[in-house]
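In this document, chain identifiers A, B, C and D correspond to the written order of the chains, with residue numbering beginning at 1 in each.
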Amino acid sequence: MAPGPDLLLQMYAGMLRVRLFEERVRELFANGRLPGFLHTSIGQEACAVGACAALRADDYVLSTHRGHGHLIAKGGALRGLMAELYGKANGVCHGKGGSMHLADASVNYLGANGVLAAGCVLAPGVGLSIKRRGSAQVVVTFFGDGAANRGPFHEGVNLAAVWTLPVVFFCENNRWASSTASSLSAAGGSIAARAAGYGIPGETVDGNDVLAVWEATTRAVLRARRGEGPSLIEARTIRWVGHFEGDAQAYRTKAEVEEGRRTDPLARLGRLLEARQLLDAAHAGRIRAGVVAEIDDAVAHAETSPLPAPQDALADLFASYPWSR
Amino acid sequence: MAPGPDLLLQMYAGMLRVRLFEERVRELFANGRLPGFLHTSIGQEACAVGACAALRADDYVLSTHRGHGHLIAKGGALRGLMAELYGKANGVCHGKGGSMHLADASVNYLGANGVLAAGCVLAPGVGLSIKRRGSAQVVVTFFGDGAANRGPFHEGVNLAAVWTLPVVFFCENNRWASSTASSLSAAGGSIAARAAGYGIPGETVDGNDVLAVWEATTRAVLRARRGEGPSLIEARTIRWVGHFEGDAQAYRTKAEVEEGRRTDPLARLGRLLEARQLLDAAHAGRIRAGVVAEIDDAVAHAETSPLPAPQDALADLFASYPWSR
Amino acid sequence: MGDALNLALREEMRRDPRVYCIGEDIVLGLPFGVTKGLVDEFGPERVLNAPISEAAIVGSAMGAAVTGLVPVVDMHFADFVTCAMDEVVNQIAKSRYMFGGQLDCPLTLRMPYGIGRSGGGHHSNSVEAWFVNTPGLKVCIPSTPADARGLLKTAIRDPDPVLVFEHRGLYRVTGEVPEAETPVPLGAADVKRPGRDVTVIATARMVHASLEAARRLAEEGVEVEVVDPRSLVPLDREALALSVRRTHRAVIAEEGPMRASVGAWLAWVIMEDCFDDLDAPIVRVAAPDVPIPFSPPLEGFVTPDADDVVAAVRQTLK
Amino acid sequence: MGDALNLALREEMRRDPRVYCIGEDIVLGLPFGVTKGLVDEFGPERVLNAPISEAAIVGSAMGAAVTGLVPVVDMHFADFVTCAMDEVVNQIAKSRYMFGGQLDCPLTLRMPYGIGRSGGGHHSNSVEAWFVNTPGLKVCIPSTPADARGLLKTAIRDPDPVLVFEHRGLYRVTGEVPEAETPVPLGAADVKRPGRDVTVIATARMVHASLEAARRLAEEGVEVEVVDPRSLVPLDREALALSVRRTHRAVIAEEGPMRASVGAWLAWVIMEDCFDDLDAPIVRVAAPDVPIPFSPPLEGFVTPDADDVVAAVRQTLK
């Protein structure tokens, strides 16, 4: 199983899009343009992009508090996302969600989540409706190494396994849950190893190698499409930046971040593409320029879009109105 | 590791005490003497008795909705228990708890539980306080095969493992969660196998063999006392009666109950004791007579004890009063 | 009322193939018989016995609801919703709003609840107040078989999440159920007994206790009007106000505890809408603020009943 | 207020070696700095960074509390108590009662909560009503550094479980904190500003909004009395009634939603205690019944503020 040239280039562009988007929102946040809390996925792009590259457009994704990358990789429009981060009226959730609480139904991205591991129990239900339709779709639910210690991980994996549902449980293990080391909070030292207890495949991959991620996810996805049930993937990666913007990171060494930069998934794929003569500096420059233009456009769009009217806070509660009582 | 004659006889009497107690409360329930819901552990006595025989008096037990056996095996007085099942004022919880919600602090039985698997997360805290005291006590938390599918199982085992706490997770797998087969609800088919994912020992034992249960628990308890952390034991057993009193058991075959009776843990230990010439019919008769007398006494005590005064419903809420506001 | 709920489930499952039931032991219809026999008509694909995994049961229902199915979740005992609290209040309740209306979440949570038969501390609680306090959920609470059938049907058809609180002491209550399929709309209170002297606003089992109280008080010449809101969110404020404006006196009867409960809120609603019409303070009937004890005399003491309603009505007339 | 809470933790940890803190990222004092530096004085044995396992964090705290330790749990955000709801309401709240008083459960749950800074749907909720509605828990809610320190100390010393709701918008609020260790008793309201015309009963951030409103109204000659209950369970009904009996008018201001909330209950309490003293209907200030939105104008719209209190006071004077 190996991705063809188009897919490789697509993944390269995809990772670059996530990287530059996240760098831009960090900048915008630092400049006070974005309200709320912000968690970016810089350094972890291979997870989102490798996993989503294994999906069809009609497959579903459930995401996390660190979810911009998943949405972008799933094909979400940058305009709607950026406007949402700005809290604008034409944000994908009309400004009601924000970074941690947004969804984009148009690409079957069923939601970031402010509650860790919540997606693990939503996923089996998505799998159930897929199974009932017989549509051979799959759902990927992302969660962190920290989240894997919550009960819903257990309940969701068990339910998906016992009902043979088309779910891929994708753990992005970036070594830390905020300031708490995974090694001090996940007993046994391996999330993937937990799969055996449920009789499903569990696999650890280098989460900084987009090909490895793509391959593992493709295996899991094909299995799910064949009706053979869920899989658990643990992708080991490194976040280059703070847990949230403003995090002083007193809990970890500079060496770790340097290790992250050394194993940069984007540069790594770039080198591979160059070695295969699929990419040269000029081409890379064009890709970058295209991505930058997209992001510039999204920022300009968001900057010039109106804020919601205050009383719109009362809209969107229920399908039918009035329900003020 | 083998129990001496005294312990064997003690376990025999213990199982008999549980068996006859449960049979009596079934009878009392059928005769309308006991309010509420009733779950008995007939057929499963080797689990409670084998496990508790491996404990010191100052060790702790956390129990379940099917908890009479655990309390009796831990040394709880039958009078307080029986009076509680009657809802009498001198029940061990003054009639406030009842079968599913009672505790007996005098023997460190920290509570039956109306919520499945709740004990799995209470246990690490008990372990924490033991560790802080350095008292080499342990805590055993019982739960069913059904309860093992709840999130607290995962969170509790993981926490106890990562903090190396003196906890024994004891799963009584009686094949059914109410009317739902364990095989259709626990993925992977083995609860014990889940231990590996947390890097702790997991062991399946014949839960109808009190010696096997005692041995496995003793291993786990010694490990915990040595400060090496938790273990998971899965004891396979069979409940002879309905899930609750009144359960028509349409979900299972008569053959299963017959299998249970064939593998009767009490008769099995009786045969072993006879073979070793530790027990003969006369001795067995004396033991039974003693247990029956104890139970008769508990029933008489409960029957003649007063019900609580209605307004006692307002007592015991907080340590200090008045808190009516 | 159990049969009426069973009928509603059958009717809705026949009408809409997307509807399915999920819960613990529901194939056999445990613990209260409401889902009994459904599996024979609809098969195990649509009547799902789940593992003991409340978070996954409720969470998966949302996952299914936002992707095209219409789940009806049986909570077994409402007490165990605590094991899926995040899924109900953070995921389900907020999914439409937080996501700017992109996702429908047509999901019904059936909540068997209430005091009775020495259920004890973990099997007797009235937790409806928490969900009335959680924006994004609709909440209803039937007292009769007809209302139960009609409200459950409406709940299942609603594009939003609806909690149906079913008092487990009412499953055996009988009453007329119309031949025709008659959904009861949310937000429509019902006058269960007309009367001119005092309005008693009561839910679920307390409706029956209030009717009993009304019968007794009628013998003394006091005409009590018993109004059943039937749905709490949305609430039919007009109907409640209309009654109180005529009687000038109100009693609010519920089975939950006193503090921060539905009854406290209804008292405020009446005060806001009818302050000038009230001739006496509103009197509340509710359980004292203690967990529900096991022993019959203790349980009896904390359970609000017809005597309590009679006393409350008398107090408003003082 | 954050520093005052930190001081209270230090004082109590010094006083009683059984006291320990547990939560997510509390060693570094994330997210709000309250536990910062404690590890340096008390070591990692007493300042425990737990895995992301709310049920186990809260459940284990109960296990520890009933066997001799005195845990102080940091919920990180009160929103996440939903992930440990069973542990709080079925286990912790009921342990003393159900077991007939056999077990002490001296446990404190610190609940950072509230709207602000575009926290969004899962990071802004006011959930205190659920716990006021749950018998067996004590609930307090400080508005000033001195109260925060005093109440947290009392909570830790209390043999029963106490929830301390700390509004995250108040952590940086400054104020005098007495030199001496002065625990604030539960069940003692505090008049934050005396006044003769209207009583405003307010909690946490709304105390500050109400004081601001009072200053503005004073310029128009309206003297508002701001009463802070400080603890909700137990509640100082006498103090509230005393004030309303003098002013004859009451406003109740909270940040939670309107329905089945603490404010609704307090309105009923006032009505019950002071019906004949009221010259106008009680007016409530609360958030509308929607989840808390992200975008600043939306968030601003749903956040009750001084303007709302001013308007409410005016309404009682109409």
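Rule of thumb we're sticking to: a residue touches a chain if its C-beta (ideal position, glycine included) is under 8 Å from a C-beta of that chain, and two chains touch if they have at least 3 such contacts.
Keep in mind the model is a prediction, meaning the values are calculated, not measured.
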What's the chain with its C-alpha centre farthest out from chain C?
A
Centroid from C-alpha atoms only, then distance chain A to chain D, rounded to Å. What do you get?
36
Chain A to chain B, mean C-alpha position gap in Å, rounds to 45
Separation of chain C from chain D, taking each centre as the mean of its C-alpha atoms, in whole Å:
29
Sites on chain D at which at least two other chains make contact:
50-51, 53, 55, 79-80, 82-83, 86, 90, 94, 97-98, 120-122, 135-136, 233, 288-291, 293
If a residue has to touch 2 or more other chains to count, which residues of chain A qualify?
91, 93, 95-97, 101, 113-115, 149-152, 155, 158, 162, 184-186, 317
Which word fits how the chains touch one another: line, ring, star, complete or other?
complete
Could you pull out which chain B residues touch chain C in their complex?
35-37, 87-88, 91, 93, 95-101, 113-117, 146-147, 149-151, 177-180, 184-186, 250-251, 307-314, 317, 324
Looking at the complex, which residues from chain C come into contact with chain D?
79-80, 82-83, 85-86, 89-90, 93-94, 97-98, 120-122, 129-130, 132-136, 233, 256-265, 267-268, 271-272, 275-276, 280-282, 284, 288-291, 293
If you look only at chain A, which of its residues touch chain B in the complex?
149-155, 157-158, 161-162, 184-190, 193-200
In the complex, go through chain B and note every residue touching chain D.
60, 62, 91-97, 101-105, 110-111, 113-115, 118, 120-130, 132-133, 139, 151-152, 155-156, 158-159, 162, 315-320, 323, 325
Per the touch rule above, chain C residues touching chain B in the complex are 24-25, 27-28, 30, 49-55, 79-80, 82-83, 117-123, 288-291, 293-302
